[in-house]
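These notes concern the structure reproduced below.
Chain IDs A, B, C and D follow the sequence of writing; residue 1 opens each chain.
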Amino acid sequence: MKETKKDFIALDFEKPLIALSKQINELEQKTLQNGNKKVVNDLKNQYAKVKSQIYKDLSPLDRVKIARHPQRPYPLDYIQLISPTWHELHGDREGKDDGAIIGGLIEIEGQTIMAIGTQKGRNIKENQKRNFGMPSPEGYRKALRLFYHAEKFNFPILTFIDTPGAYPGLEAEAHNQSHAIAMNLRELAGLTVPVIAVITGEGGSGGALAIGVANRILMLENSVYSVISPEGCAAILWRTKDKVQEAANALKITAYDLYKLRIIDEIIPEVEGGAHYNPKETSEQLLIAVKKHLEELSRLSSNEIKKDRQEKFRNIGIFVNA
Amino acid sequence: MKETKKDFIALDFEKPLIALSKQINELEQKTLQNGNKKVVNDLKNQYAKVKSQIYKDLSPLDRVKIARHPQRPYPLDYIQLISPTWHELHGDREGKDDGAIIGGLIEIEGQTIMAIGTQKGRNIKENQKRNFGMPSPEGYRKALRLFYHAEKFNFPILTFIDTPGAYPGLEAEAHNQSHAIAMNLRELAGLTVPVIAVITGEGGSGGALAIGVANRILMLENSVYSVISPEGCAAILWRTKDKVQEAANALKITAYDLYKLRIIDEIIPEVEGGAHYNPKETSEQLLIAVKKHLEELSRLSSNEIKKDRQEKFRNIGIFVNA
Amino acid sequence: MGLKDFFKTRQLKKAAKLQNGTANANGQDLKAQPPDELLCTLWTKCQGCNELLYTSELKKNLSVCKHCGFHHRLSAQERIDQLIDYGSFIEINENILPDDPLNFVDLKPYKNRLNEAQKTSGVKEAIITGLGSINNQLTAIGVMEFQYIGGSMGSVVGEKIVSLIENAIDKRLPLVLISSSGGARMHEGILSLMQMAKTAGALKKLHEAKLLYISILTEPTFGGVTASFAMLGDILIAEPHARIGFAGRRVIEETIRQKLPKDFQTAEYLLENGQIDLVVPRPNLKQHISDLIRLHSQNTKKSFSGNGIDKTMIDKILARI
Amino acid sequence: MGLKDFFKTRQLKKAAKLQNGTANANGQDLKAQPPDELLCTLWTKCQGCNELLYTSELKKNLSVCKHCGFHHRLSAQERIDQLIDYGSFIEINENILPDDPLNFVDLKPYKNRLNEAQKTSGVKEAIITGLGSINNQLTAIGVMEFQYIGGSMGSVVGEKIVSLIENAIDKRLPLVLISSSGGARMHEGILSLMQMAKTAGALKKLHEAKLLYISILTEPTFGGVTASFAMLGDILIAEPHARIGFAGRRVIEETIRQKLPKDFQTAEYLLENGQIDLVVPRPNLKQHISDLIRLHSQNTKKSFSGNGIDKTMIDKILARI
């Protein structure tokens, strides 16, 4: 049971499982001496029920917590798991290699793919480099350079999105964060290679969208995608961060909500508890979904691929035409 | 006589003129009282002879001095003199508006032209902004942005070159000066609008070339264009800066030399003494030459214009094919 | 009696005269208004220098303070009146109206907010789009209305901008968009975020059609609007002192834990940091835009002739000039 | 007896043995050489850690020091031997030779410098270009020779690079250029400057033909070479610790009047500053280039088939593999 492992980090709603699994562990050790297995088995059944109940009833905010779980697999993890090769490419050519944006070449079924993602760090040192997954303008320009590279060599583009958003900093503004994001939105619209975006964790607003203008948008089951963080929304609209639960509900940010709104094209199932319980299995599901959409898009001509993407976004919006 | 004006700055080889014109001035004042005009007229004739002799025998290094004369007209001066409109456009969109590179829209005979130039300052404050006419990578990227703008709207491009070269600084290297220049060289090669470059002062190496890949390269009579400054060349090859005269001679940097080498297409005459003796007249000559080449190029199709420029540079080089 | 009181007294006298008529310039009935509101209507306190200014004179000066040069915020309609040749504006898509796709409720329902916004701003959504002429040059123009939920971009703003761009492409017209916005409209959730990609995608088509897009950034322009269509102009012009940026000042200060320079995110700061082409004071704005449109059309006239232009529409507009 | 002396003694003994033979590995006659030069030939002092290394072992290790990892400079021919499959290299344009267009004379005539350079470097100009295969993948490759007037670019280097690029376009081959240069060759004046535009212009055509260009930056790459073809690769790779830049360190220090950081303009500095894709140690270089070529050709095979390829040339090369 993962919950009893030393490095396991439990979320608040997972606390009942901790208690149960501790009980089971203790009993199992006793049982080894006393031989009464029934109590243990009952407890294990109870555990399974509680667990499936917990994960069935996840609130949007619970999903936010899973999406932000410090042990959640990050893009570089998925890349290693789904591709036999990884040739990372660095830099914007103009003065910075933003660690919050990674990019390079991978292979899927003998086809070269340009993989681009936002990347969080797992410790202080890594996060210094990755800036907690918050890209700077230079990161978006690095991504743009790689988009153009992919377009030139006819590489499909696969993006992995897991970012709180673009970095709100002094330099980021001075170097024109707005323009960097806007250019990516515009130029992604012009590509003739297939673009597939996978939200693997947090899809944080414009910072996520800047590598998310794709023919197909896929979401891991416990990832979220939102115009603003629930905390930010609560602070502005409810004027208190305490209303984060309400904001998370109101914003419709889960994969299920976004599928219903027809913003995303597919939900990639995660193992019970979330991808971090079994990154390998989740990556296999991810690869299956990506392959399916790549295969579908490969039947379109370059112009059709571009048109497909443009029409997808052209048609998003709900309004009354009186 | 300009030489007697208060703000006149004489070059070393112009010193004889100063003495003569002083003499003439003094005599003229006396003459007003005494009425002996002959001596004055003789002196004036002598003055004219000396002057034309001086300017006929200018050495390459003398021309370097004229090209660098602090009162020489700069690109913004020519722009004001040749165009009724000037709509300056600023910035690289990524964090800097390099004052050493200016760009904007002008009109020649009812046609919109994108004018781009390197710009020196005339005083300390201006040179702080203009960095003595030495562009940074951001300046070249600003120019590139404007090249693309011109290409989009079918504006011919007219560049004015007067720079000691690209800025050799820490930030310039950190922000990839090399890449900025190289990109301009490559992208200029791809434009389908006419590009005309005018060397108006110093054509300093790669920093000049980065806005100089043109269909037609024109040079003001006393401007220079070189792969390295005579001082730099002397220091490296002669191992002493004292040999600057020899280096200037050896490098073949004057308009006449470069015309003979078929690198440039036309020499624009300056008034005796140099453009700063009469900026307006020089600007008129400049405009005549620019119009002529614009008119010639206007007869070519977009593809022919691009091919014309590419073949021009493809064919530069002198070697033995054994 | 202080200066303010003096003005107030003078003001009330004038108001008394007006009450004999039926309505003020805005067509509002004055009779029901208390004196203080009346003061606000006929007099305006300059937000730059606190000087009290005749509202009518301020408006005549394009809402720029004669004393300190402060550019007061304009309504979308005022902006159109200032920029578009008199009588030449034809609004399009005025009947694209907001929905409430998420049934969003915070402290009050989004539906109520929409109703209130429509009442206070007098417009149906946060942008007016249409065709009109600027010094006799036909232009596709969109102007954001900050009074309407902070000029935020939801589905309607996105749709109206995209439709305007499609109009510009179809009729080969230059495009002018005037931004004033706090960013994306949270109440429409992900749909508002997607309007960034939607508008940018339409601008890609405009770009490929080689048509001119002049983006005018006015106080304030932030978030998802700056980071999409507003920053994608061929030419970017800002009004003096307008604040323009991606993240808000407070968010940045909280993140980097230091105070930001006073001029941070102002138009002048952006110019110095290479982000915009020009800062143009409002009195020069129309001429400037008009010059730029002229300069950008004179080399391409050959390829322009009759290229997909809807003659009846143009005739309609020309008839009004 | 110190370690160095010990090596020297051992060395001299070995040399004595060799003298009974006729020549060393480089085909040079050893008999006339004094002991010190002999030492230099058979032993090499590592420029990184000062360790004395067997030259033959150092070469076997691609001239990378086993103790400290220092990458010693390679001749163009050594580079080709390391990267190109054995026996598959066909040189092109070896007979494009330098002229002296300006009759340039500084402390000695340029003509003399050319003669000396040809003698000391063993090559006719500062670049070798040709076609060859890298792990069975046909490639157009050019390698600069730093020994030849500091790898400077004059008319010949420019012409050979452009001709190579044209070959790559014609035969639809990937291009690999390996730079090592002090910049433009002053002795050819403006003509050398113009080679920057000439090579960049040819690369524009290659770019439009959507062919792969991998640029390898090695110690040192500066000036007009960095600021033209060397920086224009689709992929930019540098060798560890290679110094790469536009302006030289001394010029910059004189200009800004301050000391530069120690790692300034190193490959690692460039990587950190976003200027290159990767730093690849020499032992991995061939595999890395080969992988990249493979990755860049597998999605485009359809459009490759027979597209202008000169079959006889390829057959010739394939016959050698």
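Simple rule for what comes next: contacts are C-beta pairs under 8 Å (C-beta built on N, C-alpha and C of every residue); 3 or more make two chains touch, one makes a residue touch a chain.
Computed from a prediction, not measured in an experiment: that's the story for all the values here.
Both chain B and chain D are touched by A.
Set side by side, A-C and B-C show the greater C-beta contact count at A-C. A straight line joining the Cα centres of chain C and chain D is 58 Å long.
With each centre defined as the average position of its C-alpha atoms, the distance from chain A to chain C rounds to 36 Å.
Centres computed as Cα averages put chain A at a distance of 44 Å from chain D. Counting only residues that touch two or more partner chains, chain C has 207, 273-275.
Residue positions of chain A with contacts to 2 or more other chains are 93-95, 174-176, 179. Going by the touch rule set out above, the chain pairs that meet are A-B, A-C, A-D, B-C, B-D.
By the touch rule above, chain C contacts chain A in their complex via residues 95-99, 101-102, 104-107, 155-156, 158-159, 162, 184, 186-198, 200-205, 207-208, 223-224, 226-232, 245-248, 251-252, 255-256, 258, 260, 264-265, 273-275. On the side of chain A, the complex with chain D involves touching residues 85, 87-98, 105, 107, 110-112, 138, 142, 149, 152-155. For chain A in complex with chain B, the touching residues are 93-95, 137, 141, 174-176, 179-180.
Here chain B touches chain D in the complex through residues 166-170, 172-179, 181-183, 185-190, 205-206, 209-210, 212-213, 225-228, 233, 236-239, 243, 246-247, 250-253, 258, 261, 263, 309-310, 313-314, 316-322, going by the rule given at the top. Listed in rising order, the residues of chain D touching chain A in the complex are 207, 210, 212, 234-235, 271-278, 291-292, 295-296, 298-300.
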